[in-house]
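Just below is one structure, and these are the notes that go with it.
Chain nomenclature is as follows: A, B, C, D, E and F, assigned in order of appearance, with residue numbering initiated at 1 for each chain independently.
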Amino acid sequence: MKKIEAVIRPENLDAIRVSLQEKGIIGMTVEEVQGRGRQKGVCLQWRAGEYCVEFLPKIKIDLIVDDKDVEPAIEAITKVARTGKNGDGKIFISPVEQVVRISSGERGKEAI
Amino acid sequence: MNIKKSMYLSIIISFLLLSAPALAADAPKVDTGDTAWVLASAALVMIMTPALGLFYGGMVRKKNALSTIMFSFAILALIGVQWVLYGYSLAFGPDFHGVIGSLSWLGLNGVGQAPSSYAPTIPALAYMIFQAMFAVITVALISGAFVERIKFSAFMVFSLLWATLVYDPIAHWVWGAGGWLLKMGALDFAGGTVVHISSGVSALAIAFVIGKRKGFGKQAMEPHNIPMVILGAALLWFGWFGFNGGSALGANGLAASAFVVTNTAAAAAALMWTLLSWYHKRPSVLGTATGGVVGLVAITPASGYVTPMAAIVIGVVGAIISYYAMLFRSKQNVDDSLDVWACHGLGGTWGAIATGIFATVAVNSASSGLIDGHAGQVVTQIIAVGVTWIYAFVMTVILAKVVDATIGLRVPDEEEAVGLDISQHAEKAYS
Amino acid sequence: MNIKKSMYLSIIISFLLLSAPALAADAPKVDTGDTAWVLASAALVMIMTPALGLFYGGMVRKKNALSTIMFSFAILALIGVQWVLYGYSLAFGPDFHGVIGSLSWLGLNGVGQAPSSYAPTIPALAYMIFQAMFAVITVALISGAFVERIKFSAFMVFSLLWATLVYDPIAHWVWGAGGWLLKMGALDFAGGTVVHISSGVSALAIAFVIGKRKGFGKQAMEPHNIPMVILGAALLWFGWFGFNGGSALGANGLAASAFVVTNTAAAAAALMWTLLSWYHKRPSVLGTATGGVVGLVAITPASGYVTPMAAIVIGVVGAIISYYAMLFRSKQNVDDSLDVWACHGLGGTWGAIATGIFATVAVNSASSGLIDGHAGQVVTQIIAVGVTWIYAFVMTVILAKVVDATIGLRVPDEEEAVGLDISQHAEKAYS
Amino acid sequence: MNIKKSMYLSIIISFLLLSAPALAADAPKVDTGDTAWVLASAALVMIMTPALGLFYGGMVRKKNALSTIMFSFAILALIGVQWVLYGYSLAFGPDFHGVIGSLSWLGLNGVGQAPSSYAPTIPALAYMIFQAMFAVITVALISGAFVERIKFSAFMVFSLLWATLVYDPIAHWVWGAGGWLLKMGALDFAGGTVVHISSGVSALAIAFVIGKRKGFGKQAMEPHNIPMVILGAALLWFGWFGFNGGSALGANGLAASAFVVTNTAAAAAALMWTLLSWYHKRPSVLGTATGGVVGLVAITPASGYVTPMAAIVIGVVGAIISYYAMLFRSKQNVDDSLDVWACHGLGGTWGAIATGIFATVAVNSASSGLIDGHAGQVVTQIIAVGVTWIYAFVMTVILAKVVDATIGLRVPDEEEAVGLDISQHAEKAYS
Amino acid sequence: MKKIEAVIRPENLDAIRVSLQEKGIIGMTVEEVQGRGRQKGVCLQWRAGEYCVEFLPKIKIDLIVDDKDVEPAIEAITKVARTGKNGDGKIFISPVEQVVRISSGERGKEAI
Amino acid sequence: MKKIEAVIRPENLDAIRVSLQEKGIIGMTVEEVQGRGRQKGVCLQWRAGEYCVEFLPKIKIDLIVDDKDVEPAIEAITKVARTGKNGDGKIFISPVEQVVRISSGERGKEAI
């Protein structure tokens, strides 16, 4: 099992959710985060003049999926999240050893 | 002859009977309409102080939100008591050589339900409480200069000293019976010198003494809640109708005129600031709210003397001055954090001078300025402005240094880093 | 005979002397109580516009919070200036054939501290500024239709055109001396046609022109801060006492009556909406606040003419109409985002007709409706409603299309996605 | 003789003519200034109820924010209707044996634009609506006791019963023409017994019946938004000028005096609370706001009878009592969640007794207390306090038990865990 | 060392904290997240009518624990968080290679 | 590639960002969290008296870095975040298997 963490533009969350659902991926956890990558920060206005912040609002999606769903998930995300400009976001994949569904106590793949 | 005589008699008697009530009216008598307006105005001015807390509080970082709001709220409490105990007496009590009121009205001794000479148609207590709200907000205004780093204890002590040694005397000079600036003919309808210059200049002075926030100029210090700022600005605008309109001390044509120029100057300045920010980058919401406040500041001293068209000029010019003063100030690396000097100090200064320019007998028979051909009024205004600048600046530096030397003005660096809400108040704004 | 004569004489003379003040009173003279009330009312109506900004702002997504609040705040600035420059003259200036005021009161020329014929006991300036606040809020109301997608520049231009070409004429027809709907006998105490129908119908029209938000109907568009909505609603309710109560233009029995029916209709409509939402799902907080506002809208035109019991009917029926109109509107896939049409357009329409039904001489000797046996009033009301609907709708479509064709109404899709706060104002509401 | 005769005649006639208006003036006639003030005060008191919603709402956990705010807003709707239908008649209608008003003013029958004997210079409707706002806020106050766990349906039913069977009778006893406590000479200027003791003691009673929140005493129950609490407190303070000042029922010296002592007691209590929290830990922002409210509560019954110096004592002592009562209450493991009993029950009790101590003819010729050498007033006050405590407590226990036995007071445990916003209202405060 | 990520009902946080503490597990990091699993979304009210959101408020707990504490932690969580209904939450276990305590510079197990 | 999760004092975020930038580490994702470790909670004031919360506001930084950047990153963080007192925070390192840049579709190290 893998954990897919996708940091995306907030406005794309909905489309990504739908796109994942089409691949049968339902379960996910979402958080509001601040991020920077190549797209660094933004200059906002103060009462007069401006100040620059180093971080931009992003959304991070955590998906725990079966190994076979990793590529479909990446595809589902990139398909709708790509504009080709800096700031589209990133996807990180890391290993997950165990999953437990609290309500039933099930473990492993069935628990996803 | 009989007829004639009886006619005369009738006339005379009727006249006497009729004039009796008229004579009674000449003796100071409470007018219910005037009283209703001044009491409503006092309530309106009261809400301005917590509104200022929100206006300021939304502009600081989340970790200092409560601390900043507290500066205003605590002053409502502190000066609310100070004023009835002795502040009112110092400012408005029987004159002592034009410089200060005597202490004979201590504890509001002799300030009662009948009118005083300050306002012959409303209870003396109504005038007193209306003035109380001015004292409160003036002290609170300064807090924009030292947010996010002052010790609460130092703040309370400084504020009490400042109210007593700076506000009360200046209020006496300009508004107290026998005050020397009043006698000199300085015009200040609702507090350009007394309220805005005194607080704005003092803010600059204490900003110098306390020094910059850690990270100032290097690190973004984001306003944490701009809707809160707008709410504060809206309530300030709302309350300002009492501030300026109530300063007519009655519900009359002058009050209506003051009300109108207040709204007009605020609207013009807000619009101007929108355009300035748009010209430089984007039409700023924070800027529009700031512009409105600056317009309100600028019209304050002039509000009982000028026409609506003059109010537009006063608002627009006020916005331009404050806008560029803010840019200038931040480039100087001076941390008057919420620009009390640029908004109130300069807004008040411009307003006071503009009063000398635009005052006209068409609005208020008691005053005429440059446009009425009375250039001397501008000079008088400049003197009043200069005196207020100097007195406020010097006294504030002294008081701030004294407080710093005794209890210390600033919190330790770690406390500043953690934020004053937790370190000074053991509270968190949001959870 | 002598005695008799002198008696007669005495009577006549006394009478003359007594009537002298009476005559003097007939000449317009400022009444302090009336002035206090109308000035306080103007302040109350002023706070409604930022309150509307909060009411609307809490209902949009976080990324558009500032932009939405700004619509109201910027209008306070824009129309605040427009009104004193020429808006008041167009709406209330000397009549030109019943359709518009002349420009002779440009820059408030001739609008002074003495009363005008619009309100004989208060300064003309007080009447002017009270009316200014109505113009401001009416323009701001429309903004609920196009939140989250309009360009700020387009918004400002549209608003100025609309105020000038839609609001000012309609205000003249209904309230201006010589206005044709006024002469026809249409009753509109505080703005059912002038304020609510004009803005509500225009909202619908511009919603058609600008089109739906991206994702409308597919994606949840969650209200980001309902406490802010409630605060806005509460301040609207508060300010509405000035809106309706102040429209009596004096502090008298009629003002008290208007105040009472205002509160009663708001309470009844809020309660009804609670029950409707409860019946369909759960007692909704957002719904209760909305219901209160709808009740306030519905009672507005009727507030100087009806009894408290009629107010309950007006409030309850208004809530039912608006509730189902909202459901209907959203099913039609029309994105009048914050339901200005359902709340103000229909609330105002119902209120205007209800005025024709429930007006009674028991409340206001100047008017009688169906329940007084004067069915013709209902017809007059319907004509006034119809005219306002058509004029507002057609003009708004034209103005919106003109603005769209020139500067463009909508932001680009990416900016809509990012949110207007950052894209249009380079600001973030919260941090 | 002729001359003399005609002279006499002239005098008599003139007199008659002159006294005609005088007599007319004796007959109740609306005074515009008084009416302006009472209407403005009614608006001020109205805003207190949503303000209370914010004050309370900021102190609960985020998941119950809307639910808590709704308690106040829904009461504005519910009692707004109840009062005009029959509440006013029960409380102020023609007396029935000193215990209740008759139902002859049902639906405001006979309550019109002319003054009533309750307030001879303002429209009867103005007095009615001013009183309506008192009924509304009193019922809303209780909600602090059972936040975060009551069923909304139970809340509505309980509130309606309580308003009818507890508030309306007590209001009649103390303020209704013929009320038995009024006849006994109990002094309650603006609602120490009627408003604060009745709600505060009832809060304690229903807190016992409904029981503690899950996790109470074990788990931290953090205030989710303290700036919202401050905003609520600020608007309460603002509105309280109408509450107490308006209770003079005119814009006169007494109104000014009430206004002044209101502000003074609030300031003194806020300052005292700051010091108490500082002494125990840190100067608390939440505490300062609470202190202000407690000062306002304590001065309420006394506001028309005492001097500003007495107001300081009343505020300071009130703060001390409530502060330690809160500590005591939470140690008793009683979950009167937002300390309605400590703030309003005890604040009102102290205020009512303090009225008996500090009332002086120097302020209000109609009353004198212990300091005027009239110790009996203290006894009268204590009787009124005791009666109100007992009646409110017993009745509330009965009503709460009845509601519990029928529809059930509490939500199920899971709903309490999830929070009432989602479970009772299907809404989320923030997103 | 392992990372235990538990997504739970917000109302259970306190009980879980106590339950973990009884097993000697003190350190933890908590975030507010939005999630969906089998329990999908919820329909909330608009002014009239309703709208449905796809995510529900949840709390995510991150625990870094020694390998031997994994099962006790899972047990401690499930014990108090289970109602048996959808929405009780999930637990994910993944490997952690290193832990550093900033204050002392300690690494590995001692740093947990 | 590794994921570095650092839970730090909120006031240190800015200094850490700068310190990391000096080592060439730009990309990062930041969240507001609540945490407890040795430094447990804090007692805050209620209107009268106080209540204690078990969690303190912290900031969590997620850095996905190339293996060779792990030690420099740890160093950059500890250098500025260490006061030596409890509450300075912790750093957790875990494996990352894949990184995808959404805008370009690049994978692996180049995508970081």
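To be clear about the criterion, a contact is a pair of C-beta atoms (placed from the backbone, for glycine too) under 8 Å apart; a residue touches a chain by one contact, two chains touch by 3 or more.
Small disclaimer: the values here were computed from a predicted structure and weren't measured.
Visitor: Give me the fewest steps it takes to get from chain A to chain E if each step has to go to a chain it touches.
Guide: Between chain A and chain E, the shortest chain-hopping route counts 1.
Visitor: Which is the least count of steps on a path of touching chains running from chain C to chain E?
Guide: Minimum step count, chain C to chain E: 1.
Visitor: Check every other chain and keep only those touching both chain A and chain B; list them.
Guide: Shared contacts of chain A and chain B: C, F.
Visitor: Looking only at C-beta pairs that count as contacts, which pair of chains has more of them, A-C or E-F?
Guide: E-F
Visitor: Between chain A and chain F, tell me the centre distance in angstrom, where each centre is the average of that chain's C-alpha atoms.
Guide: So the centre of chain A lies 18 Å away from the centre of chain F.
Visitor: Chain D to chain F: how many Å between their CA centres?
Guide: Computed from C-alpha means, the inter-chain centre distance equals 52 Å.
Visitor: Please report how many Å separate the Cα centroid of chain B from that of chain F, as a whole number.
Guide: Their C-alpha centroids are separated by 46 Å.
Visitor: Measure off the straight-line distance from the CA centroid of chain B to the CA centroid of chain C, and report it in whole Å.
Guide: Comparing mean C-alpha positions, chain C is 32 Å from chain B.
Visitor: On chain E, where are the residues touching two or more other chains?
Guide: Within chain E, residues 14, 31, 44-45, 50, 53-54, 83, 94-95 contact more than one other chain.
Visitor: So which bits of chain B are touching at least two other chains?
Guide: Residues 2, 6, 10, 14, 18, 31-34, 36-37, 40, 222-223, 225, 231, 251, 281-282, 284, 286, 425-428, 431.
Visitor: According to the definition already given, which pairs of chains are in contact?
Guide: Touching chain pairs, listed by label, are A-B, A-C, A-E, A-F, B-C, B-D, B-F, C-D, C-E, D-E, D-F, E-F.
Visitor: Provide the residue numbers of chain F that touch chain B in the complex, in ascending order.
Guide: Residue list for chain F touching chain B: 9-12, 14, 42-45, 50, 53, 57, 83.
Visitor: Could you pull out which chain D residues touch chain C in their complex?
Guide: 2, 5-6, 9-10, 13-14, 17-18, 21, 30-37, 39-40, 42-43, 46-47, 50-51, 53-54, 57, 65-67, 69-70, 73-74, 76-81, 84, 107-108, 112-114, 122-123, 125-126, 128-129, 132, 152, 225, 228, 231, 251, 421, 424-431
Visitor: Enumerate the contact residues on chain C facing chain A in the complex.
Guide: Of all residues in chain C, those touching chain A are 63, 215, 219, 414, 417-419, 422, 425-428, 431.
Visitor: Can you list the residues on chain E that touch chain C in the complex?
Guide: So the residues of chain E touching chain C come out as 44-54.
Visitor: Would you pull the chain E residues touching chain F in the complex into a rising list?
Guide: Going through chain E, the ones touching chain F are 3, 14, 17, 26-31, 62, 64, 94-105, 111.
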